[in-house]
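Going in written order, the chains are labelled A, B, C and D, and every chain counts its residues from 1.
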Amino acid sequence: MKVEQDLERKFNDQCAVFGVYGHPEAANLTYLGLYSLQHRGQESSGIVTSDGSSHFIEVGMGLVQDIFNQEKLSHLHGDLAIGHNRYSTTGESLLKNAQPLAVDYSLGSLAIAHNGNLVNAVELRNRLEADGSIFRSTMDTEVIIHLIARAESKNFVSRVVEALLQVRGAYSLLLLTEQEMVAVRDPHGFRPLAMGNLDGAHVFASETCAFDLIGAKYVRDVEPGEMVVASPQGIKSYFPFQKKNRAQCVFEFIYFARPDSTVFGQPVYSIRKRMGMELAKEHPVDADLVIAVPDSGVPAALGYAEESRIKFDMGMIRNHYVGRTFIEPSQQIRHFGVKIKLNPVRGLIEGKRVVVVDDSIVRGTTCRKIIEMIRLAGAKEVHMRISSPPTTSPCYYGIDTPTKGELIASSKSVEEIRKYLGCETLAYLSRDRMLDIFGKNRDDFCTACFTGNYPVLMPGMDMLQPNLFETVT
Amino acid sequence: MKVEQDLERKFNDQCAVFGVYGHPEAANLTYLGLYSLQHRGQESSGIVTSDGSSHFIEVGMGLVQDIFNQEKLSHLHGDLAIGHNRYSTTGESLLKNAQPLAVDYSLGSLAIAHNGNLVNAVELRNRLEADGSIFRSTMDTEVIIHLIARAESKNFVSRVVEALLQVRGAYSLLLLTEQEMVAVRDPHGFRPLAMGNLDGAHVFASETCAFDLIGAKYVRDVEPGEMVVASPQGIKSYFPFQKKNRAQCVFEFIYFARPDSTVFGQPVYSIRKRMGMELAKEHPVDADLVIAVPDSGVPAALGYAEESRIKFDMGMIRNHYVGRTFIEPSQQIRHFGVKIKLNPVRGLIEGKRVVVVDDSIVRGTTCRKIIEMIRLAGAKEVHMRISSPPTTSPCYYGIDTPTKGELIASSKSVEEIRKYLGCETLAYLSRDRMLDIFGKNRDDFCTACFTGNYPVLMPGMDMLQPNLFETVT
Amino acid sequence: MKVEQDLERKFNDQCAVFGVYGHPEAANLTYLGLYSLQHRGQESSGIVTSDGSSHFIEVGMGLVQDIFNQEKLSHLHGDLAIGHNRYSTTGESLLKNAQPLAVDYSLGSLAIAHNGNLVNAVELRNRLEADGSIFRSTMDTEVIIHLIARAESKNFVSRVVEALLQVRGAYSLLLLTEQEMVAVRDPHGFRPLAMGNLDGAHVFASETCAFDLIGAKYVRDVEPGEMVVASPQGIKSYFPFQKKNRAQCVFEFIYFARPDSTVFGQPVYSIRKRMGMELAKEHPVDADLVIAVPDSGVPAALGYAEESRIKFDMGMIRNHYVGRTFIEPSQQIRHFGVKIKLNPVRGLIEGKRVVVVDDSIVRGTTCRKIIEMIRLAGAKEVHMRISSPPTTSPCYYGIDTPTKGELIASSKSVEEIRKYLGCETLAYLSRDRMLDIFGKNRDDFCTACFTGNYPVLMPGMDMLQPNLFETVT
Amino acid sequence: MKVEQDLERKFNDQCAVFGVYGHPEAANLTYLGLYSLQHRGQESSGIVTSDGSSHFIEVGMGLVQDIFNQEKLSHLHGDLAIGHNRYSTTGESLLKNAQPLAVDYSLGSLAIAHNGNLVNAVELRNRLEADGSIFRSTMDTEVIIHLIARAESKNFVSRVVEALLQVRGAYSLLLLTEQEMVAVRDPHGFRPLAMGNLDGAHVFASETCAFDLIGAKYVRDVEPGEMVVASPQGIKSYFPFQKKNRAQCVFEFIYFARPDSTVFGQPVYSIRKRMGMELAKEHPVDADLVIAVPDSGVPAALGYAEESRIKFDMGMIRNHYVGRTFIEPSQQIRHFGVKIKLNPVRGLIEGKRVVVVDDSIVRGTTCRKIIEMIRLAGAKEVHMRISSPPTTSPCYYGIDTPTKGELIASSKSVEEIRKYLGCETLAYLSRDRMLDIFGKNRDDFCTACFTGNYPVLMPGMDMLQPNLFETVT
């Protein structure tokens, strides 16, 4: 009788990281940064600060605004802080897996916040355990900590390099010692990580919308393969890894990032709208009205409408009071799960040929219900338009996608999907058209979820068990 | 260091009522109904059910989804239920004021849920106290209960009439006894109240979006001055009051109601969009972009854009994780309160002449900050357009508006407001143009908040103290 | 799998009242007073204060220390305060029934805290409802409030008299207006009510242990039938009621009151110990060891040991961390409920002839388990001694006793009870011997629970339904 | 305005361990066991179970009954369980320090529950960190886990031996793998650990009162230096360590253990009472009344009374509703902290020469207040008798005592203490007399807290910093 699905977000998302180096309000600013990055992870959140000699830690389950209060923030002393929002990729939602992870080791205190996923975590963990390491979480992030603790260099920064040379996969990391902060992105640059400046302090964030809230200035991205070290000696940049092809996650533009963010140096809203325009060019249709599946589908829908010169209206209204769990009446209400969140505006839709724009289709079940709701609201025709290519393959770089078998496009043709969804027409934006939007940077992106061509292979890719132990995103 | 303002909603809203007569899942459906009406009151919520012989009650402070759980709903036995969401009009937010109010009296059990405000509550309360009544809340609603308990008729329905003949003001009420439900609207029909049908059961709601969620069919409105009685003898309609001019709240269309609702028989989204179109006709401007203050300004902005043929974009993004309270950093962040909720999309705005559409201006402080944010995001010109007339006078019929002195338009001309806001141009939709939208029904609305012409006078209107005791909306 | 019985206390107890007139720390002192009276009611607690013009209210479910915190106490302004701990007499444990009850009526604000039970509450309530009163609780206390509100006198004190002349039964009341406090005991004086003095302020409490904690001096009891009025005009005493025979609850000495309190002018510990001594004289036995059922049986056991010159030891240890609810293992553990709370000390008991002293036997089920536990711990003989007469009849004056049918002594002889309990001998202190302890005051007590001779008859005593509506104690 | 001291217990106590091997209700029984051992640690509690292949974990801050509920227990699958109650020795009361500690390592899953304190933990930790280990808690217990993980043996049991050969100090440990449970006591046997049997299942507990509650039979103690291994191959006993002199904590008898427990093979109540009898022989006094400081002083007081033939009475009553924190009124109430918990019975004490028996004196501040309270209640003379020797030296084996400087007897003579306390006479039981009680086992005890002769030296004992990092008891 309880719907415990996440009605908020289409994907079980990624994670967010945020850091401040050298600001008297480091903890408060990190709190705000995490707040603005809430969409990237709603399961747990945490902040670790340093006052130059000790770490202070607060982590908890739930939303940023529920975990932190005035009293807890006041305990987080110091000018240095890193924070993390987390969405786990398994059903286990446990406090022991909340980040930042904070430990003591031979060089002192160390905390880490990680967005991404290591593909060789299982084999590294096995090796570490064989050497006598103990693990208290099920996160791949804990592997990195152990590698640093066991590294041979005397110097912290060298140890980080030594450790990261052993891992493969996606990572945008913030590391905090008593006096240093390290921000590093894997050589492919799968996940974003931006640098900013606030009153002379260095700030780091998964997305720039966090900078906007605190009034920080976006400076540039941490580059793929770059390690930025902030310390009492100033800020330094290193490129300690072998250069690789960029493989930035294109789905950040399609769905994950907030539209007011700049990601990988590009404004998300504009890219998302361009996707809708390209979609209109590639798959035009004779219709009366363009509507969006809110909120993520709105920019692409506006693009589609602008390009096609078909009128746009907010034909579906979203209830913004929807939480994660909901009590369902025992007597089944038709399309209950979707209805809790979305309601079509009959007066707009009735008798119309409607283009419905969404950013992607995962399993197809929700989309099917939406289409039927729109039809019940009186639509004469429903033309589904998706502003990305068919999602055929799971992600191993930090996004919690369903298994391949659950992805409707992995086994069905577009026509088969159309039939399942029950719409007059269905069309996806092609990968080529999508990449065209990025011009000369068109090859800088990972599109493995559309193609199955993975930039970094996992050990035993064919007998893949991505949840052997839990990965943190 | 704490911002305890309501960042969610512009007005401290109204209340919502919802009722089900004759359905085995009465409590669950009422829970869902209240859920979809959450926007009308976020302070407290409650449900009273009847199994034909006893009442069952659950009320609490906070949001519907936080108050009710499976266990509490399972205690709410019976086929009859009424529910209420509340927003108090004073700072006092107390459980004793949560509705529905449930009492025992000579005829048995009685529960009441009220949307509106009685203008003669103070004098009635004084009279009742002089006659020996005691009051446990500070709500005007409790007056109605006492009047019913003290009425002379033997018959419940006659008692309700007897009671309501003594009150003046705004009320859309649901009353529940062990076996009867009464739905009644005051003769002016200030507040909405819709009737629907679900599998043969009668349902009542402040807005029709509640019917959509539970799959009920909207039948018609309870008419101004009508009393609908559902009992084991069937459903009956009475018009026991003297006929009055209709004075339906036009602000339901401007701001309060959800855009997917039908209110006073009219689809909210369409009316709201028409307001934007009329605004564009009345106050055109040469500009590059139309944006909205989300979410309430979006339909009017789309209307403005459509009529003016200026491009519309989602130039401001709203953070939907914003709760009621927020911890502010001690170092003042510029426009913090607004920034928590809204962020402009620089890429869209930069270098543009921007039309910003909002539904109304209350104190002007928030609007001023929004305009400065847009300007800081690079707008070349900012043209503010308001899809309603200047709000000059407080509401005494169930909306919690600031005092007259706090309403910027009560003492400043449009040009003075423009200067205060700091925009290139400012224009409001005129009252005449607004009413034109309703055609032959143009005289059916209360526009007192724009004109100061109050359809029902309060005792001693000139020395008005609306909060003598708290009114429930 | 859950034991939801009250493992703390043998009877679902009474209530406690506490009041302070004229002290700058009225709320804090009331909090402390209620804390020390926690044993008289653990279901809900509340405080109402007055600053001379307004009331401030905090009530909640649970223990005093869980309901109140620094913040809540800081909202309770003023020099006047009354407080209440409650134990309901029905399964319904609802916030609406928490006391003090606070209302507004024609003379202003009024709050009431009540220990006792009105026997004619149902008929009064019916009459009040017929006259148009509404009831929001199921407590008899609400009747008193209505009677005061409807009284004809202009003067508050006269109204109280007018109201109380209509009620029959047990009441020790504290009433609070904006500037006055009234403490009153019914003419029979069923329940205790003591007066004290702290730095010139008047204090009132159900038991004197509350005075000890706050450092107040016990002055005297409010007398049966006395009404003490504290106001800005000073303190006055009235005896407005017809004089009646005293009927003070003897069970206060047997079980309810804390042993360090003085009740009805007598020290509880000494009386309780004397009961044990009389018991030893009346029912001696040849044995090796006297033990008590802790904690309530300890003073009587010490008295029994002292008189009989048999050694006393703490042969049963009580776990003081026991809360109200407990999770029982699915595999039945023998005597689980009792074991959670009590454990015999085998080393003391093994091979001994043991006298076990308890204050009373209610249903007999717990006593039976205790005896078996003691036997399993190796006792050679178990001689049960009860320091009060057999409890045969329910109480209608504020104690929540089981129904007559559930009281084992209502239908079984002492010998039959002994057989049921499984002990070698069983003996109760006789009523005569018990009253002898009080000397010339021996006729001042209600012993209805032992005799069925009720000092105040209920309407229709023979077809008694004490829970027609809930009574507050 | 807040008293945040522990009003419950004199010492910040020890910890408790409990384990079940091979019972279908392992988690429920462990819950009950921890419940009965609550007096040994009220800060945090936890249970880890195994179903033969996986571990299940629940830990939390607070009391056993508040942490666990039906739902949480139902997640703790399996026939094997260990549990822990904890009292930290520093102000830091953090979830990360809650036990059992559960990790994954090369051999699989491992959980540990520890009562005691390692004296060489700091040096071991330094060495482990130098070898690349990371620490997530500040507990010495984590050192043991690392030593096991890094041990060279392939076999789990051998690894435990290998690890424990490196640690020095006090430990009674329970270790849990997927299929094995190890119970082990250090060679000196500082802390207790008992073995029992329930329906064929092996159970382990810090005290036997836990066996009584679940109906298990006490079999014997785990011997000092013994390691008991329960596995699918049955139960085996090993003595892998070099034999040492016994140094069992005598304070278990004086204060820590529940009086209904058997500890180190001796019944606590009887020993405690014998201490009172010896005290009476050694330090008689002419007096009228013996009273105890409840609850811990009661058995010794009864012994003193029995031996001296002076009457015993419960002259001080303890409020059993006292929690850990308390809101103090701003106006200082005399002896507030003590009064909240204890109240003398004036009627017993007035005009009497009173012997007050307590088990020990720590700082002397509380004792001084108690003596003044007794005097204010009218005592003619106060003779303080302590049933143990003067406490002069801190404990390094798992008891959280104040520093040497805070112990009043470390720097003051008995006569000086008497003057400070303000009593007529003061006398302590001598160490010799105390040990006499144990007869031939008189040399089996650690009495370092009375003598400063520590059985196991800490590294750098003279420049002792026992809280270098936190020790778990």
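Heads up, the rule we're going with is that a residue touches a chain if its C-beta (ideal position, glycine included) is under 8 Å from a C-beta of that chain, and two chains touch if they have at least 3 such contacts.
Quick caveat: nothing in here was measured; it's all calculated off a predicted structure.
Traced through touching neighbours, the fewest hops from chain A to chain C number 2.
If you take chain A and chain B together, no chain is in touch with both. Of all chains, the one whose Cα centroid sits at the greatest distance from that of chain D is B.
Computed from the mean C-alpha positions, the centre of chain A lies at a distance of 49 Å from the centre of chain D.
The geometric centre of chain B is 61 Å away from that of chain D, both derived from CA atoms. Rounded to whole angstrom units, the spacing between the C-alpha centres of chain C and chain D is 37. Chain D has no residue in contact with two or more other chains. Contact between chains, per the stated criterion, is found for A-B, A-D, B-C, C-D. Those residues of chain D lying in contact with chain A across their complex are 95, 102-106, 110, 129-136, 145-146, 149-151. Across the complex, chain C meets chain D through its residues 1-2, 24-25, 28-29, 31-32, 35-36, 38-39, 42, 63-65, 68-70, 73, 209, 212-215, 258-260, 262, 267, 269-270, 273, 295, 298-299, 302, 306, 311-314, 317, 319-321, 323, 325-327, 329-331, 333-334, 339-340, 343-348.
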